[in-house]
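In the two complexes below, chain A is the common chain; its partner is chain B in one and chain C in the other.
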Partner chain A sequence: MKQFSLLLGKELREQARSFKLFWVPLVFIFFGALEPLTYHFLPQILESVGNLPEGAEFMLPEMTGADVYASLTGQYQTIGLLVLVLAFMGSLSGERKSGTGTLLYVRPISYSTYYLSKWTAAVLLAFASLWLGYGMAATYIVQLYETVPGFTDVALFLLVMAAWLIFVVTLTLTASAALPTGGAAGAALGILFIGMMIDSLVGTYWTWSPWKLQGYGLMYLTGSPESGDLAGALGVTALITVLLILFGIRQARKNAAKAKV
Partner chain B sequence: MSITEQLAEIPWGLIWPLIAIQLVLMTAALIDLNRKRSTNGPVILWVFIIIFINTIGPVLYFTVGRRHS
Partner chain C sequence: MNTVLEVSGLTKQYDGIRAVDDLTFSLGEHTATALIGPNGSGKTTTLSMLAGLLRQTSGTIRFSGEGKDPRSAIGFLPQYPKFFPWMTAIEYMELAAGLSGLEGRSVRSACEKTLGFVGLGDAGKKRIGGFSGGMKQRLGLAQAIVHRPSLLLLDEPVSALDPAGRREVMEMLKELGGSTTILYSTHILNDAEEMTDQLLFLRSGKLIEQGPLREVREKYGGSGYRVLFNNPEAAERFAASAPWAARADGSAVTISGEAVSMEELLRYAGGHPAGITNIGRVSVRLEDIFMKVVERP
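Here is the complex of A and B:
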């Protein structure tokens, strides 16, 4: 336990010194603020930059708070995931390459503690970013939009999103344990985005997958999701996450020999 | 419409967080760049990317530009 808190402290210091602790949440907060503003001022924006022909008129649909949350989630699904994967792609492979790893591997540390300390630090940062981003969006949405979803619904939605982010972070760290940095980023992003494509093609029939989670979460804002499907998707995600963690620990131990001295 | 009127019409109360975040990211990236001076590619290129590309510039620097040595 002492070893774990020590390594966790090292990870948090590393996050602060590489500025990850600041820029990852800031990017999430930025998009959280930008999205509600863009939709609220869309008519004015179109008018000033649109280059529209004389007399052109648009019927813009009345956006509700839930619509803005949905479109912000769409942003986070691309830019947010990209940011998280890029931030954590080197957590294990970078240490092997730079030689920091050898300072650790010669000591009698357990590899599960080593992996889990990185995992905890990464998950904490991802949670903080997610919640700060949606918190920022919520402060704007409450001010600018008429109909807003209730607090408990948003909280439930964010918990489901948190499960999805745990999956994303675990996938990235395990890829980083198994592959060199570039390969890790490619593998993690590939699996995430190809999964989304498969989900949009055959998602109607395959209701229990991690890629379904954000859709189910969003349903809390407009109504409530099919509880059986949500529980199934959460269960499958938890199972895959645990398997990924175990695989990641094994790979971290195996690849320790590859560390550059 | 004069410039001052146009400026007064902008809802600054809503927009200032965006500007603040942009400035914080830019400053952090520039401080780090000045401290390390070792990047993938010429340093001056990164200075321009950080300053002139909104939001994405500093993020690009932190993810791709820093060389971990």
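Here is the complex of A and C:
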């Protein structure tokens, strides 16, 4: 426990001093603000920038709060994930490559403590980014849109999204435990985006998959998801996450020998 | 003498190449052992295995402190220690000490004291990113000794330092030697000569010679005498007429220490003083032994 708190302290301090603590949430906050504003002011924006021919008229669909959340979630599914993977892809591999890990590995640390301290710090930053981002969006949505989802529904949606982000962060850290930084980024992004593609193409044939979580979560904003499907997807995600953590710890121990001496 | 570490049959194989091949040796308590060998002879690989970074292919490593994680009893300084540049020296020391099991209020003072010992007393609050190579080497030593390990493993502890820094660090190591067992690799043989109870010579992963410095020295030529002359001709004449085996090399003559005592030599030289400028005892230098051992077929 002592070692865990020491290592977690080190990770959090590193996040602060490398400014990850600021720029990762800032990206989420930026899109959280931009999305509701853009949709709300879209007619005015088109009018002022577009050299539209006289009399041209657009029929813009009436956006609801739920639509904006959905659109923002789409942004986070690409740029948000990219930012999280980039922020943590070198978490373990970087310490091996630079040799800073060497002086940790020669001390009596357990590799589960080592991995989990990084995992905890990464999950905390992902949660902070998620909640600050959607919090920013909610602030504008409540003021600018007429139909808005209730607080409880948004909270439930965010809980499901949190489970998805834990999966994303775990995948990234385990990739970093197993592979060099470049490979880790490639593997994590590849698995995330190829999984998304597969799920959107042929995903009608199954209901339990981590890639379906955001879709199920969004259903809370317009109604409610099929509870069996959601529970199944959450269960499968939890199981994969635990397996990834165990595999990541093993890889961290195994690859300690590759640390630069 | 108590044994701190016993190594037997230690072997590390990489893709069919034996980087370390069947090492067997032991380290006595509070002794200093120099691991000597040319580049690529397996010194770093050996130290990495002892430090628990690498797993040996075969062989055993036994520490006296049975039961607990041996890493808590070891201090390790890599050749180029790498630190988190965003940390300050004192933060790093506290992390290192804490991870090695130091607890409580004494940690801070132990860290400050250790930084003071290695000459970084004023740099504790500075970021390591701005440290010079020499300062990093000192910090490396500090992190290796802060938890008072019973075995200190040092990979080329002074190679990266300037002569003054080297001097200082050697003094520190000598001071530590009183209370710790030290195993260090080096190719700076003058340093090894200064602080060594035991020598381990490595070549291509094999231990080709080992033993106390004095024994190894005797084995490879022992001591002898050197007589200097003011011109090479005088030296040659002296060597040719001397009653024992004497070898002239330029204007110097070397005589084996086994052939003759100092007294006899002086008496003889008194009778044949032509051209002599200096008579002295020479002991074979570690550097010469190194060349002999390493180049031996």
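Just so we're on the same page, the second predicted complex is superposed on the first by the 261 of 261 C-alpha atoms of A that agree within 3 Å, B and C clash if a C-alpha of one lies under 4 Å from a C-alpha of the other, contacts with A are read in each partner's own complex, and residues count from 1 in each chain.
As a convention for this text, a contact is a pair of C-beta atoms (placed from the backbone, for glycine too) under 8 Å apart; a residue touches a chain by one contact, two chains touch by 3 or more.
Keep in mind it's a predicted model, so treat the numbers as computed, not measured.
Annotation: superposed three-chain arrangement on chain A; chain B versus chain C shows no clash, the two fitting side by side. When the shared chain is aligned, no partner comes close enough to touch A:Ala188: not chain B, not chain C.
Legend: residue contacts after superposition of the two complexes on their common chain; A:Ser98 is shown touching both chain B and chain C.
Legend: residue contacts after superposition of the two complexes on their common chain; A:Val154 is shown touching neither chain B nor chain C. Shared-chain residue A:Glu14: touches chain C; no touch with chain B. For the superposed model, the angle subtended at the Cα centre of chain A by chain B and chain C works out to 80 degrees in steps of 10. Of the two partner chains placed by superposition, A:Ala252 touches none, neither chain B nor chain C. Shared-chain residue A:Leu6: touches chain C; no touch with chain B.
Using the contact criterion defined above for the overlaid structures, shared-chain residue A:Tyr140 touches chain B, although it does not reach chain C. In the superposition on chain A, A:Lys260 makes contact with chain C only, while chain B stays out of contact range.
Of all C-alpha pairs linking chain B and chain C after the chain A fit, the shortest spans 8 Å. Judged by the document's definition of touching, chain A residues 18, 98 lie at the interface with chain B and also at the interface with chain C. Remark: chain C residues 44, 48, 51-55, 68-69, 71-72, 74, 76, 78-84, 86-87, 91, 95-96, 98-101, 103, 140, 143, 155 touch chain A in the complex.
Only residues 14-15, 17-18, 21-22, 24-25, 28-29, 32, 55, 58-59, 62-64, 66, 68-69 of chain B touch chain A when the two sit together in their complex.
Touching chain B in their complex are the following residues of chain A: 18-20, 22-23, 26-27, 29-30, 33-34, 37, 83, 86-87, 90, 94, 97-98, 136, 140, 143-144. By the touch criterion stated above, chain A contacts chain C in their complex at residues 2-3, 6-7, 10, 13-14, 17-18, 98-100, 102-109, 256-257, 259-261.
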